[in-house]
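Next up: the structures, one after another.
The two complexes that follow have subunit A in common; it is paired with subunit B in the first and with subunit C in the second.
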Partner chain A sequence: MRDFLSTYFVYIKTFFKARAEYKTSFVLGMLSNFYCYFITYMSYWVLMNGVDTVEGWDFSDISILYGLSLLTYAIAGMLVWYSVYALEDLIISGQLDIMLLRPQGLMRQMIFQRFGDTFLGQIVVTVIFLCAAFASRTKVIGWQTWIYFILAVIGGVFMQTGSMILFGAFSFWTMKSGALVDILFYDLRGMTNYPLSLYPRAFRIVLTFVLPWAFINYYPTLIITGKDVAVYETVLGLAAPLAGVLWFLLAMGVFRLGLKRYTGAGG
Partner chain B sequence: MVSFENVGKFILSDISFCIPDGIIAGVIGRSGAGKTTLIRLAGGLLSCEAGTVRTFLQDPVRRRRQIAKDIRFFSSAHPSFREDSTIADEFKKLRFVYRLDQKEFQEEYERLAVSLRFGEDAEKEIRQLSFGQRRRAELAAVLLGQARLILLDEPTVGIDEAGKQIFIEQLQKKKEGGTAVLIASENMAEIEKACDRVLLLDEGRLLYYGSRARLMRQYAPVNEISIVYRGRLPDLEDLPLIEYRIDNDRLRCRYNENVVSALEIIRHVAAHTVVAEMQVVRPRLEDVVMTLR
Partner chain C sequence: MDKIIRAENLSRSYSVAEKQGRGHIPGIRGHKTIWAVKEISFEIGEGETVGFIGPNGAGKSTTIKMLAGILHPTAGNVEVFGRNPYRYRKENAKRIGVVFGQKSQLWWDLPVIDTYTLLKKIYKIPDEMYCRNLESYVECLQMREFLQQPVRQLSLGQRMRAEFCAALLHGPALLFLDEPTIGLDIVVKKQIREMIRRINEERKTTVLLTTHDLRDIEEVCDRIILINHGQIIVDGELKEVRKNFEGLHSVEFLCRIPFRDDIQLPGVEKWKVEEGSFTAFYRNEDILQTEIIETVLKNYLVEDIRIKEPTIEEIVERYYRE
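And now, the complex of A and B:
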């Protein structure tokens, strides 16, 4: 781990050095991300402004729900988004071969490949709104909840990272998997920005057991805001960090399978 | 050390050979002969369909990560460096990749920067460098640290003559340190002198594996000698020459070196005349490849 961090640090340093050559594009990239997600938050605020609650959810609940999703997405994106999206390019350009013949795990090298600096804007926005949401809560939040919150974030990062890896690994089988990824990951996950209780049961089951995006934010938010009425909600909520890790392991398994296929028939 | 035993993959079939440490082996053949596939199999970037590949006595596909620290790989088809980085930074990363000692790394880096002449470009953004400038640095990366195996796929494309010579010299130094080198190239003329052994591929079959000299004797034994003499030429009918021609005081003959040596011909001529000048022309490795069917 220490070795990983020190190497990551070297890579990040050279990355920012290279980035500094294009200060304007760096700053503009951050600002546009910040602006875009700030507007999204504001649109929720506008939506919620006319009504007190939606199915018992107020703006601070929605902020936490959306915040958990966006925060974990942005952290995962900083780590792997660019390299996973570049997997196709890495295969086509043959750079993957160079990476395969280096004495580190491929995933580690892909994380080193590029630091997703543009996601910093999203993190800043989310932290602002999360702080506001927690500050506006009248009920005191106990230390157990804080610990759970941290675990949920970690689990969420695992699940988001895993998803990026899983969908990125499709490149081993088929090039240009972009449209499918957009639907399965982005569009369906976007549904979890609203309370799942708004949707028909079938959607809830899909988002829990098939494409388990609800573990990223919905179930954790139930626990954090004390909305876990039913037993299954508490159980799924507490299982969320674990679900994230399991999903990540599954994704890594698929990635390895893809890599095997690559060396077996590729090139 | 790399060994292939009855290996089959894509076009390659029934390939067997063993390259021990401290040997530079050239993989030659026309395009499509299977050179790149052979290199990739040795590095574990492909798994074979038949037979066994062993690199350092291990399965290179399953143990790729473990053996990778002892392997350097270069392919002219793949970019080794990031476009938005600098040579200095890319080497710094390599120090971490191969866990090299800071002081040793610094010395070696500076040595390589001088000999392959990329020191001046080291701090420039790589996308601003010319192809040749990049290529010299990429080749230098292969020489970094003491690897046990260096795999090169068409390494000399795009670098100048001086650069090639320096690179070959550096490879020979590595070889003296016990490194095995596998070079695939279509243009063997430029590196053939550096090769101890030759793997001759044709349409996926290994036609020949062994020393370069023996390959020549086997596939291209006909040499040409030209001798300028003074005096009266003796009868040449005793010599088993293929053909000869005399114009003015110059004798040209073609002979099979497995039948008669250049030395025997010269001795015969020199016994009766004064030899003023002589020259032996041997076929080039490239010509051998061209004649193969």
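And now, the complex of A and C:
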């Protein structure tokens, strides 16, 4: 782990040095991300301004709900988004072979290779809105909840990273999996930016047990804001960090299977 | 001598989809198995320099990939450093250096030296070893002037030298070179060949080189393995191969007078007549070169003489065609 961090640090330093060659593009990328997500937050604020609550959720609750999803997505994106979605190009250009010829794990090298700098803009917006949301809450938040919050973020990062790896790994079997990923990951996950209680039961089940995006933000938010009324909500909420780790392990398994196929050892 | 590489009946097949002929339901495709490498066996000892040659699609790259552990063999055995290269890919990678003429491992936007810093981290090269190696390669490949330049600004010759240095920084015991001189000018080619020779002599580095420039082989390798259609056709010392498979020597005479086919020399296998010149082909053991020249000069007013030794190129060409 120490070795991983120290190498990652050298890579990030080098990455920013290279990025400095294109300062304008770097700044613009960051700004456009910031702007885009700032506007999204504001649209929630406008929506919520007209009504006090939606199904008992006020703006600060929604901010936490959306913030958890976005924060974990951005951190995961910083780690793997660029490399994982470029897997197809890495295969075609033969760059993947070069990585396989080095004495480090492939996933490690993919993390090293491209630091997702553009996601920094998202992180800044999210942190601002999360702070505002926590500050505006009248009820005091206990230390247990803070610890849970941190665990939920870690679990969420695992689940988001896992999802990116899982969908990226499709490139080992079939090129051009973009459209499928858009629907399964982006569109369906987008649904969890609203309280799940708004949706029919079937959707809730899918988002919990099939494509478990609800563990990223919905169940954790229930716990944090004290909305876990039913027992199952408390249980799923507390299990969320674990679910993230399990999903990540599953994704890594699929990735390894894909790599095996690539190297001709199976499938 | 220790064996670095040991391959035994090594094979790799691919399944290729093929459309079926008439009478079949459209859309249903059959599969055909194609053998890229078929039951090849060879051993390479420590410090050997082996030229691995063959036409495009002969199975060279497939073999190298299996030796490097990034491709699993379909059948047969392979050992590199005494262990299964596929299972011990990462461990073996520490002792292997690779240069691809067509791929780069340098960071495009950054000065050359920054890629080396990253490689130092990736390979966990100790400071002292890193400095010593870097210093010696920079010197040998004359890289000092462009070490601080971004890779995207380098010429191909400079870039390839930088690639070599990158592949050698961790002091590999085994070097795979996949067409490393492709597209380079004579001067850079020479520099790179010298470099390969030098590290082979100084460090006993084992070299496996694929190339289409047979000059590379002649100047660098002691042994050649020639493969075609996934099978080894020739494997032996370069000198031996040349001796055993020697083609015809030839002497070309530039002469304005047309050749009249009147020279009787039993050792000459054939005459080739062209406009303004004629050539005698012969074998060394059959007739002396001087004898041919002397006879021709007696009969013709010759302007110039060109003597040609058979090259490895001719030998290889013959095998490629078969």
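Here, the second predicted complex is superposed on the first by the 264 of 267 C-alpha atoms of A that agree within 3 Å, B and C clash if a C-alpha of one lies under 4 Å from a C-alpha of the other, contacts with A are read in each partner's own complex, and residues count from 1 in each chain.
Heads up, the rule we're going with is that contacts are C-beta pairs under 8 Å (C-beta built on N, C-alpha and C of every residue); 3 or more make two chains touch, one makes a residue touch a chain.
Since we're looking at a predicted model, the values are computed, not measured.
Engineer: Quick one: on subunit A, after the overlay, do subunit B and subunit C clash, or do they fit? Just give me the call.
Structural biologist: Verdict on subunit A: clash between subunit B and subunit C.
Engineer: Using the superposition on chain A described above, determine whether A:A202 touches subunit B (first), subunit C (second), both, or neither.
Structural biologist: Neither: A:A202 stays clear of subunit B and subunit C.
Engineer: Can A:G105 be said to touch subunit B (first), subunit C (second), both, or neither?
Structural biologist: Both: A:G105 reaches subunit B and subunit C.
Engineer: Once the structures are superposed on A, label A:K17 by its partner contacts, choosing first (subunit B), second (subunit C), both or neither.
Structural biologist: Both partners, subunit B and subunit C.
Engineer: Based on the superposed arrangement, let me know which partner A:S93 touches: subunit B (first), subunit C (second), both, or neither?
Structural biologist: both
Engineer: Mind sorting out which residues of subunit A both subunit B and subunit C touch, each in its own complex?
Structural biologist: Comparing the two interfaces on subunit A, one with subunit B and one with subunit C, the shared residues are 6-7, 10-11, 14, 17-18, 21, 93-95, 97-98, 100-105, 263-264.
Engineer: What residues on subunit B touch subunit A, complex-wise?
Structural biologist: My answer: residues 37, 40, 43-47, 61, 64-66, 68-69, 71-73, 75, 77-80, 82, 84-86, 89, 92-93, 96-98, 125, 151.
Engineer: Where on subunit A does subunit B make contact in their complex?
Structural biologist: Against subunit B, the touching part of subunit A is residues 6-7, 10-11, 14, 17-18, 21, 93-95, 97-98, 100-105, 112, 263-264, 266-267.
Engineer: Can you name the residues of subunit C that touch subunit A in the complex?
Structural biologist: On the subunit C side, the touching residues are 12, 65, 68-72, 74, 86, 89-91, 93-94, 96, 98, 100, 102-103, 105, 107, 109-110, 114, 117-118, 121-124, 150.
Engineer: Write out the stretch or stretches of subunit A touching subunit C in their complex.
Structural biologist: 6-7, 10-11, 14, 17-18, 21-22, 93-95, 97-98, 100-105, 109, 263-265
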